[in-house]
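You will see chain A twice below: alongside chain B first, and alongside chain C after that.
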Partner chain A sequence: MKKFFSFFTGLIKNDFRDFQTIFWAVIFPVVLFIIFSSIFGGFSEGDFKVRVGLVKEEEFTGLGAILDTVLTQVSGENGPLIITEYDDVDEAVAQLRRDKQDVVLQIPDGTSAKITSEIMIKNSQVGAANLNVYYFGGNQFSEISRDIVVQIMNGVNTEIEKRQNNDFQDYATQLDPVSSEGQSFSYDVYYLLSVLLMSYIIVSVFNMPMGLLEAKEKGTNKKIFSTPISPLFYFSTYLLKTALVGVLSTAVVYLYAGFISGINDPRLYSPQFIGVLLFSLAVMLSIGMMMAVLVKKFTTLIGVSQIANYLFMFLGGLWFPVISFPWAIRWITYVLPTTYLIEMMRRLIGLTTLQMDFSGLFLVPLIWLIGSIVIFFIKFKRVMGYE
Partner chain B sequence: MSKSKQFKTIFKAFAIESLRNKLEVFFTIFFPLIFLVIFGALYGGNTFDDTPDMRIGVYLTEYSAELESALKENLPYYVNVYDDLDSMNKAVKDGDITAGVAISEKKISILYVEGDMQKNSEMSMMGNIVENVVEKSVNNFTDVIEVTEIPEGIDGKVASDFDYLLSGIISISMLSAGMFSVINLFGRYKKTGVLSRISVTPINPSTFLLSSTLVRLLMSYISVFIVILVSFVMFNAQLEFQWILFIIVVLTSTIAMMGYGILLLLIFKKPESAETAGSILMTFMMFISGIFFPENMLPEAMKIVAYFFPLKYTGLLIRYTTGMADISLGTFILINVIFAVGGIGLVALTSKKFLSTT
Partner chain C sequence: MSECVLKVTDLKKRYGEVRAVDGISFEVKKGDVLAILGPNGAGKSTTVEMIEGLRKKDSGEIEYFGEKPVHITKEVKERMGVQLQKSAFLDNLTVKETLEFFGGLYKKALKSSELIDMMSLGEKQKSKVKNLSGGQLQRLAVAVSIVNDPDIVFLDEPTTGLDPQARRMLWEKIENLKVQGKTVIITTHYMEEAEVLADEIIIFDHGKIIARGTLQELLDSVSKGKYVEFSLDKVDGIPEELKKIEGFKEIEKNRYSLPTEDVEKTLSIIFNISHKENFYIENITIRKMNLEDVFLVLTGRSLRD
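Let's turn to the complex of A and B:
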């Protein structure tokens, strides 16, 4: 026991002296969480302004003044639009191309007359007033801005009809997310789970195999095995040390979330959730062990680890739900353990993004866990460098 | 040995060494490809905007042939009509359709799976579109105001979302090739003692510098062209390049990224730490420089921070050379000159320092 404790402490100290280990495994997940919550906090809440270049080719008269009222109501302090007026549509479109405007709204000459006649004389021969909305193709934000402007104009049409038609049948629209089934959905909590799993990915695909392979390549193992320490004893201590780094990383993320971000969802502290965290750590560590035996060279391992990191992270549905992927790539996501591990965590806080029984979610990660351990122990002598 | 012969020999040695170095080949060539495949698949097959390949389900509690036909004709999505709510919900949950629209008397419910950053606002937008079509059909009225949507582009060419993404991935490939190769080059060579051995030979430091950076530049070009080739073959990219300007941008941007890598190496001393810092900065830059998400959606503070990182400008230059951004020629030249002068200056100063102090 004393031998174990002393060796374990030595390994821990060695790890903590290395800036890389601490930064990647313990601090980086928190940094990424801060980045994501600050970037996408406004993103998901739709808290953004749209720059509209307005080209009025006439002064509004008669019922055409309705447009003026609407644009005032939805701009400046009152709404999402920031309006800049231009005399000429070419000048406004030039500003759109230079990303100085998100969208251009052109109100042609004769608009007021058309609006007035359409309202006063139903189905007049004059026809509807036609406005032009210019947007920059391929620029997502410009396309969203275009949709906002179009919806505002649709709202104007509906409002005009409502005022004229006493029997107007009004519809109310409600967003009904099936993933949270009526519970409140917090992107902060959603990303927190992703960050927790990401920290296990880092510990497993980087720290775990790299430490083993580096020790083998540098001959540290041989030196250790010349002492009474057995390979199994060395590996058990090493595994426990790596798991501790993972647990520490979780603790730091929890501390940041609880004390600084103000996320105090009690479900995050339930025994089931903690159990899933430990299971996730075990699965990911086993994959790290397998990588150490399947990759022979340290330099190759750096590349393999990077690929594994991005595959597990992006295709495992940590940042986007896997059902967002086209089928050509979705089948890969169904083979990855992270797809199911993140889903388990989400289920325990009331979210469902993957249609499967909770118990069924264990299957793929268990196959990875058992398969990785078996492969590792078959090649145990090689990775320990004493075959 | 003449200078040109010396240059040729060192250049050849560096080229062979670089190609043999799996890590350098990985970061230069394969790393950007991973991003291309992951995000290309996401953008290529998944559209939450109003492009027609978005598939939605509709369930009408009281069936109306007129309403069904109005929805099919006027909604900018593929519309599948369901006979019962449960099968539509299942289709949403299974990902067969992006959203399900349940229309009952005076109520429209939009069912969708949460978890995508942009989805809330997009679904809200979809709700407005559906509501408008339903109200128009049920109340049988015509619009007083009609809106014509006119896509704009540079020189009449309208880019797609994927083209935008591709310009970002090309920028990442230059960042990765320039920054990591220099960290790898000077860091590894210093650590393994190659630099100290070279400093005692008659090799001119400028020849050493020129040949080593030229190899990295060539690797950057290879990386960029592989990314372009794969994006055309796998994802049917439609970018049209102004090749001469593009080649200039690849040159100056890679040099600038090399300078950036040098800066990190000066700050962090150990190549491993500089590599870690580089990876973190790269992740950070990717999210704030308008590569994967529109810059305009970022909080104001993040937009300001983005001005201090080169990836924003590289992305802009690439979009300019592919007809997706309109900047003045003066701005284009200025950014390129700053990139080239800054990058060369940093690489030259530092390599001298590395060669003289070893």
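Let's turn to the complex of A and C:
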């Protein structure tokens, strides 16, 4: 026990005084989470709102009231638009430039008359009503808002067409919103899961094999093996130390998410979710072990770790849904363990992206776990041996 | 008669076609300092690392403290201290923590403060390993090698890369180990180190022991004489008469050496030739033979070759 304590605390002290280790394994995931939550943190199912500056150059009359009805329906408490009326288009555009509005809709004088004419008079010569939509070019959100407003106005066109054709059949559409266990989906939580898995990837494909190979190349292993410490004891303690860095990383991300970002989703603290986190850490660490014995040189390992990191992160679907990848690349994603590990975590917060039973999600990561451990112990002496 | 703490018999190790260690046998008595001397690649470190259990032997027997285990045991390692040629510690630990870290790996350990005083590392005890100079790092390596108060200490080229001052300081520390009654095995390619520290010297070449004995025995085995070294005032061609003297050798540019058992007679011969050939002798030095000369005589090569 004395040997274990001395060895373990020595390794921990050495690691925790290394800025690179702490930065990449602990600080970086939090920084990345801060970036993601500040970009996407405002997005959730319930509160997506487009700020529309409305310039009405006339009062709606006759069948032009359709426009008024539509705009009333899509704004207000439950609609996606927050409408602010302006008297003058220049004033509204100025507000758009100051980012006080996402888009400006200008309804010119004579619009009501044109709509009425279109509906009532066949082959009307008055001409179509032209609505102007101003948006902030290059601002992605403003462009999305523009598309939404245009779609809504297309809805008005459909209404006009419907009234022109007497045989037009309307769809009877019923909307049934579904949410998981009464809780809404949040992008903050979505990226929190990705960041957690990413921190395990960093600890496993960088810290684990690089630490082992560096100790071998520098001669630290040899010095330790000149003492009564056995290679297996050394490795077990090293593994435990690396796992602790992973757990610490999780704890720091959780603390930040809970206390600073205000994410208090109880599903993140469920035994199943914690179990999946530990399973993910075990799978990733085993891959790190395998890398340490398969790559001979530290310099080569740097490249291999980078490739593995990007493969596991990007093709594993941590940041983008893998279902949207091209067909050929999608096959790569299907053999990566991270694809399934992130899916398990997402399932437990009520999000499904892969059509597969929850238990089936364990298969591929389990194959990686067992395979990596077997390969590691077959080649154990390569990194933990005397010569 | 002193207890034999280590006995090596017919130890062999090959790397492909190269016989790195080719049938080495020797024994070390308790309290002795044994120096293993030889040029780089002679097989010194391989031999010592096989004894330390860090390399597998191809054949041969190693007897530790009167016992012959098939593989080195934890019990043997508890009684052994090892300083490797290239010691790498955990860079971010301090000197004190490093000693405590390694001390914690043994059943018995000396106090870190005691070792720090012994190796004059007091000022650096709170410095991280990565911030130590070469000499300080070597002193730490020696301190770590005796952290378990071992019966036998292996020091593999402990002063390589150190400046003369740091080297002499470390020699003092190693001499202290001898005073404490430790058995010490030093591998080195510095003949001066072996001369200063060792009770007994083994000279290795091409994986074999080519000479063994005390310093005096080794010197006597080659010659009981001295060397006359000198320079000439002319550099364009060495007089033929000088070249004909037995043992004449150019040791560096315009520096010549002659072995002799009668210094006066040799000097007289040299001056006679200089008078006859009309040149002057400069910078005459008369020195005793040393291990470098022994190695040169035995192998025809310098230790540094």
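Assume the second predicted complex is superposed on the first by the 249 of 387 C-alpha atoms of A that agree within 3 Å, B and C clash if a C-alpha of one lies under 4 Å from a C-alpha of the other, contacts with A are read in each partner's own complex, and residues count from 1 in each chain.
One rule holds for everything that comes next: a residue touches a chain if its C-beta (ideal position, glycine included) is under 8 Å from a C-beta of that chain, and two chains touch if they have at least 3 such contacts.
These figures come from a predicted structure and were not determined experimentally.
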Inset, instruction - Figure out whether A:S186 sits in contact with chain B (first) or chain C (second), or with both, or with neither. - result: neither
Legend entry - Contacts of A:S236 with chain B and chain C, given as first, second, both or neither: neither
Legend entry - Which of chain B and chain C A:K223 touches, first, second, both or neither: second
Inset, instruction - Specify the partner with more touching residues on chain A, choosing between chain B and chain C. - result: B
Inset, instruction - Determine, under the contact definition given at the top, whether A:Y134 touches first (chain B), second (chain C), both, or neither. - result: first
Inset, instruction - Based on the superposed arrangement, let me know which partner A:S75 touches: chain B (first), chain C (second), both, or neither? - result: neither
Inset, instruction - Classify the contacts of A:F28 with the two partner chains as first (chain B alone), second (chain C alone), both, or neither. - result: first
Legend entry - Residues of chain B touching chain A in the complex: 21-23, 26, 30-31, 34-35, 37-39, 41-42, 44-46, 49-50, 89-90, 92-95, 102-103, 106-118, 120-125, 127-132, 134-136, 138-139, 141-154, 158-161, 163-164, 270, 272-273, 276, 280, 283-284, 287-288, 293-299, 301-302, 324-327
Legend entry - Complex contacts: residues of chain A adjacent to chain B: 19-20, 23-24, 28, 31-32, 35-36, 38-46, 48, 67, 93-94, 96-99, 102, 115, 118-119, 123, 128-141, 143-144, 146-151, 153-158, 160-161, 165, 168-180, 185, 187, 190, 297, 299-300, 302-303, 306-307, 310-311, 314-315, 317, 320-330, 351-353, 355
Inset, instruction - Provide the residue numbers of chain C that touch chain A in the complex, in ascending order. - result: 52-56, 74, 77-78, 80, 82, 84, 86-93, 97, 100-106, 128, 144, 148
Inset, instruction - Enumerate the contact residues on chain A facing chain C in the complex. - result: 2-3, 5-7, 10-11, 13-15, 17-18, 215, 218-220, 222-230, 386-387
